[in-house]
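Shared chain: chain A. Partners: chain B in the first complex, chain C in the second.
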Partner chain A sequence: MAELKKANSVGEWFDQRLQTTTLTKVLMTEYWIPKRINFLWSFGMVLATLFTVLVITGIFLMMYYKPDTQLAFYSVNYTIMHEVAFGWLIRHMHAVAATLIFLFIYIHMFTGLYYGSFKSGRELIWLSGVLLFVTFCAAGFSGYMLPWGQMSYWAAAVITNLFGEIPIIGPELVIWIRGDYVVGDATLTRFFMLHVFLLPVVIMLILGLHFYALRTPHVNTEEGEDCDFEAEARKYQAGDKKNSKVMPFWPKFMAEDIFVMCVVMTLFFFLVFYGYHFALDPVNAIPADPMVTPQFIYPEWYFLWSYEVLRGFFFSSDLGLIAFGIANVVFFLFPWLDRDPKVLPMHKRPYMKYWFWALMITLVGLTIYGKLPATGPNAWVGLVLSVSFLLLVLVLMPLLSSMERKKREREAA
Partner chain B sequence: MGFNANRRGFIKGAGTALGVAAAAGGVVALYGMKRTWDPLPSVVAAGITEVDVSRMDKGDLRRVEYRGNPVFILKKDEDMAPNPARDVMINGEPYTVAIAICTHLGCIPAWSPSARLFQCACHGGEFDASGEVTFGPPPRALDIPPFRIEGTLLVLGEESEEYHRLVAQA
Partner chain C sequence: MKELKILAILAAFTAVLYWGVETYAHKVFYPPVAPADFTFADLHPEAQTASEVDRERREVLAMIEQGDPAAGRIAVETNCAACHTISADGIEMMSDEQLIAANGLLPPDLSNISSLYDEVFLMAFLKDPAEASFITSHTMHQREALAEAKAKSPEDSERLINDHVRTVDGFNNRVAGFFNKMPGYAWLGDEELANMLAYFRTIAKPINEITPREITMNACARCHSVDYDNMALKADMDALEDYLGVRPPDLSTMILSHGGGYLTTFINDPQKHLLGTAMPRVGLNEAAQDRVVAYLEEVGDPNIEERNRLGIWFVGYFLLLTVLAYLWKKSEFKEIGK
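So, the complex of A and B:
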C-alpha cells in the first residue's frame, strides 16, 4: 500500500480509502448522456424511485403482516388498516406504487421500442429490461396473494392452475408449487418468501445489470443518431458546453429527471390519498373462500392484455395457452424480430410507424376487452385482437422492417 | 519434469474430485430443496374423505370437501341419462362423482336443477348431469376423484379397480 498522508477533510479520508472522487466521476459527473432526449427518458429513474417506495413501505408492512391463512386477512384489513399508525397510508402507498410501476414500465418499454433503443448494440439493455418486467409481474402476482381476500385466493388458484396444462408433469407441478392439493397455507407462506425476499433481491441484481448494460452502447437519442461520446465529452470539459452534444448525468440529466419525478410523485400522492380504489379491488375485502368463486374474476389492469390473449381463443384452451405463452416471452425476441439494424424513431420509419401505433391500439383494445365478460360479441372481438397481436409481432414486425431496410438500401444505391 | 507431471496429475485429479463432489452436493441440495416444497405428511394424510351416501334421495346433490376442493355427488334420477363411462355404481344405483372444478380455469360450477346442468360463471362452460362438457371452453369432462366403494360408503382419496376403469374410459 502506498504511503498514506494525513487527510485534511472527511472527504479526503474516504477518498484515500474508497477513491470516492473517481467513483463520483465514473458514475455521475463524467457519465455522459446525450442532450437530444425528452421527458420520456426520465422514466427509468422514476421507476427506480417507485421501486424504492415499494421496498421502504414493504419493510413497514412486513412488521405487522402475518403469512398464515388464519391470520393474513385480518393482519392486513384490521391490524394494518385500522390499528397501526399510518398503516393505511403505507398500504395505499405500496398498492399504488405497485400499480403505477406497471404503467411506467409500459411507458419506459414502449419508449425504447419507439426510438429503436432495443437493438443494434443495445440488446442487453432491452433483454434485462424485459427480464425486469417479468420479475415485476411475478412480484406483483405473489404480492397480490398476501392479503388473502377472494381475489387473492382465486387469482392464485387460476394462475397456478395454468401450470397444470404443461404436458406430463403439469398436475404434479401444480401440487408442488402449491405445497398442497389446493392453494393453501404452504402456498401463502412460500409466496410471502418470494415476494419479500427472493424476487426483490433478483430485481435488484437485474437492475444492476440493466444500468451497467447502458454504459457501453450509451443512451439513445430522439433521432437515433451516432455520436462520438469521447469527443463530445472533451468538448464539454473544454468549456464548450453549448455546442457539445452530451451532458453529465449529474447534475444536468438528473435536474430534468428530478422535475419529472416531482410531477410523477404529485400524481402518486394524489392517487394514494384520493384515488386508491383502482389499486385495491373491493372484492378482495372479502376473506378468501375456497368454496365460492367470485362471479367475475379478472386480473389487475396491467395483466389484462395478456389475460385477454389467453381468453381470446375461446374455442380452445390449448391454443389460448400457447398464445398466452408467446405473449409473455415475445418481447425478448424484439431485437431480432426487427430486421432493420438502423436505429431510427418510429416517425422516421415509413412502414413501422403504422405498425407501432397498430400495436399500441391492439394492446389497449386487449386491455379493455380483458375486463369485459367474454360472452357474445366480446368473445369474437377478443379473438380478433388476440390474432392481431400475434400477427403484428410475429409476422408484420419482421416483414415490414425488412421491407424498410430494402427500401432504404435501394434509395441509397 | 517427473515431479511437475505428477504435480499436474495430482492437481487434475484433485480438481476433478472436487468438481464431482461439488456437483453431487449440488444435485443433492437441489433435490432437498425440491422436497421442501412437496406437500407435508399432515397435508397428505388429510387427503382422504369418507362419505356415506345411504341417505341420499334420487336427484339429490351433495357437495363434500376433498383435498380442499369441492366434490359433487349427484344421485341420478330416471330423467338423467345413464353414462356407463362415468357412472359410479354404489349399492346398484348410479351416481355422478366429480371434482367440482371447471376443467377450463379452475372456477367452481353451480348445479342448476332445472336445466340439469353444472354451469360455470367464469367463462360460461356447461356440463351435463354426468359431468360431460356440453358447451363452452372446458377442454374435458369434470374430473373423477380417486375413489373406493365400501357398501354405501364412498372413500375419496383411495384408488380402486372401478376408478381405474372409469379413468381409462375418460
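So, the complex of A and C:
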C-alpha cells in the first residue's frame, strides 16, 4: 500500500480508502447519456423509485402481518388497517405502488420495443428486463395471496391449478408448488417466504445485472442514431457542452429524472389517498372461504392479457396452455424475432409501425376481455384476439422486419 | 410538443385500460338494479302507479293513527311477549340467552320498531312474515325467469345457478316453504294489528336518539356479527344454518367489499342482487337504513377523515417538489442547450 498522507477532510479520508472520487466519476459524472431522449427514458428511475417504496412499506407491513390462514386476514384488515397508526397509509402505498409499477413496467418495456433498444447489442438489457418482468409477476402473484381474502384464495387456486395441465409432471408439480393437495396454510407460508425474501432479493440481483448491461451499449436515443460516446464526451469535457451529443448522468440526466419522479410521486400520493380502490380488489375484503366460490374469478389486471390468451382457445385447454406458455416467454425472443438489425424507432419503420400499434391494441383488448366472463360472444372475441397476438409476435414480427431490411438494402443499392 | 404527444398517448391507453378493467367490467359483473324503494310498493300489488301506492300507504298509516294503544298493549303482551322483549315498557319474560335457546336466534327487541321499520311494511310483515320479507311473488317470478333462461341457454344458466348454489339452498329451506320463524298474525284482523302499531308508536324513541349501532343490533345482529366492533352474533350459528341454509357472513368489512351503493339496494331488497337468498328484507325505513350503512362504514373504513386531511399535505408537498424540480431541470439544461 502506498504511504498514507493525513486526510484533510472526511471526504478525502474515504477517498483514500474507497476511491470515492473515481467511483463518482464512473457511476455519475462521467457516465454518458445521449441528449436526444425524451421523458420516457426516465421511467427506469421511476421504476427504481417505486421499487424502493415497495421495499420500505413492505418492511413495515411485515412487522404486523401474520402468515397463517387463521390470522392473515385479520392481521391485514384489522390490525394493520385499524389499529396500527398509519397502517392504512402503509398498506395503501404498498398496494398502489404494486399496481402502478406494472403500468410503468409495461410502458418502460414498450418504450424499449418502440425505439428498438432491445436488439443489436442491447440484448442483455432487454433479457434482464424481461427477467425482471417475470420476477415482478411472481412477486405480484405471491403478494396478492397474503391478505387471504376470497380473491387471494381463488386466484391462487385457479392459477396454481394451471400447472396441473402440464403433461406427465403436472399433477405432482401442483402439489409441490402448493405444499399440499389444496391451497392452504402450507401454500400461504411458502408464498410469504417468496414474497418477502426470495423474490425481492432476486429482483435486486437482476436489477444489478440490468444496470450493468446498460454500461457498454449505453442507452439508445429517440432516433436510434449511432454516436461516438468517447469523442462526444471529450467534446463535453472540453467545454463545448452545447454541441456535444451527450450529457453526464449526474447532474444533467438525473435533473430530468427527478422532475419526472416528482410528477409520478404526486400522482402516486393522490391515488394513495383518494383513488386506491383499483389497487385493492373489493372481493378481497371478504375472508377466504374454500366452500364459497366467488361469482367471478379473475387475476390481477397485469396478468389479464396472458390469462385471456389461455382462455381464448376455449375449445381446447391444451392449445390454450401452449399459447399461454408462448405468451409468457415470447418477450425473451424479441431480439431474434426482429429480423432487421438496424436500430430505428417504430415511426421510421415502414411496416413495423403498424405492427407495433396493432400489438398494443391487441394487448389492451386481451386485458379488457381477460376480466370479463368468457361466455357467449366474449369467447369468440377472446379467440380472435389470442390468435392475433400469436400471429403478431410469431409470424408478422419476423416477416415484416425482414421485409423492411430487404427494402432498405434495395433502396441503398 | 412531441413530449406532450407522447404523454397524451400514454394517458389515452391508460384511460382505456382503466375503463375496461374497472368501469366496464364492474358494470358487467354487477348489472345496475333499480334504486332502493322505501315505499315497498310491491306490498300493494293492486296499485298501478306511485300515487296509488301512496294512497294505500296513507290509508294504512291513518288506521294506525286511529288505533287504540291501550288495546294494542294488551294484544302485544298476549301475542308477542313470549318471544320478544320490549325493554322500553319493562316487558321481559325471558333473558336473551333463553330466547336464543328457544328460537335459535334472538327475536329483536320491539321497543323502537316504529321508528326503525317502515310501519306499512310492519303491517304486512305481521300479517305474513315470509311474504313480506321475501316478496315471494317477486322471487318466484325471478325463479321462473331463471328456468326460462335455462331452457334457452343451458350453459349460461348453469353459471347463473352455480353462482347461487348457496342461496338456492337457502331458498329451498326457507323461501320455497314460505317459512319464517316469526308466526303470522293475519287472523287478528287489521284493526287489532293497527292497535299494536299504535302502541309501539307510544313507546318508541325518536330515531335521532337511537345510535346507529343499536339499529344494526336490532335489525341485523340476530344473523350477523360485526367482529371489528365487538358486536356478537345474537344466535346459535348451527341453528341459524339449519334455519337459513347458509352461515350468514360477518359484516365488518362489507362496506369495503360491497360498497355503500350496493348495501343500500341490497338491504332494502336482497332479492334484487342475490336471487333466492335467505337474507330477508327487514323493512328498515330510509333514515334507519342510512344509519346502518353509515355504521358499517364507520366500522369497516374508519380512516376516511384522516385520509382526506393528510392527503392534501402529501399531494401538496410533492406538487411543490415538482415545481422546484422543474426549475432545477430548466437551469441544468440551459447550459447544455437541451
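The rule we apply is simple: the second predicted complex is superposed on the first by the 413 of 413 C-alpha atoms of A that agree within 3 Å, B and C clash if a C-alpha of one lies under 4 Å from a C-alpha of the other, contacts with A are read in each partner's own complex, and residues count from 1 in each chain.
Basically, a contact is a pair of C-beta atoms (placed from the backbone, for glycine too) under 8 Å apart; a residue touches a chain by one contact, two chains touch by 3 or more.
The structure presented is a predicted model; accordingly, all values stated were derived computationally and were not measured.
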For this session: Could you say whether A:263 touches chain B, chain C, both of them, or neither, answering first, second, both or neither?
Result: second
For this session: Scan A:314 for contacts with chain B and chain C and give back first, second, both or neither.
Result: first
Exercise. Thinking of the overlay built on chain A, is A:237 touched by chain B (first), by chain C (second), by both, or by neither?
Worked result: neither
For this session: Would you sort A:290 into first (chain B), second (chain C), both or neither based on which partner it touches?
Result: first
Exercise. Looking at the overlay, does A:375 come into contact with chain B only (first), chain C only (second), both, or neither?
Worked result: both
Exercise. Of the two partner chains, chain B (first) and chain C (second), which one does A:21 touch, if any: first, second, both, or neither?
Worked result: neither
Exercise. Residues on chain A in contact with chain B in one complex and with chain C in the other?
Worked result: 292-293, 295-296, 375
Problem set entry | Complex contact set, residues of chain B against chain A | 34, 37-40, 43, 47, 63, 65, 67-70, 104-108, 121-124, 137-139
Exercise. Can you list the chain A residues touching chain B in their complex?
Worked result: 154, 157-158, 161-162, 175-177, 179-182, 184, 186, 190, 290-293, 295-297, 311, 314-318, 320, 374-375
Seminar exercise, completed: Contacts from chain C onto chain A in the complex sit at residues 2-3, 6-7, 10, 13-14, 16-18, 20-22, 24-25, 28-29, 155-156, 159, 162-163, 166, 227-228, 249-250, 252-253, 256-259, 300, 302-303, 306-308, 310-311, 314-315, 318-319, 321-322, 325-326, 328-329, 332-333, 335-338
Seminar exercise, completed: chain A residues touching chain C in their complex are 35, 38-40, 77-78, 81-82, 88-89, 103, 107, 241-244, 247, 251-252, 255-256, 258-259, 261-263, 265-266, 268-270, 272-274, 278, 280, 282-287, 292-293, 295-296, 298, 301, 304, 360, 364, 367-368, 371-373, 375-376
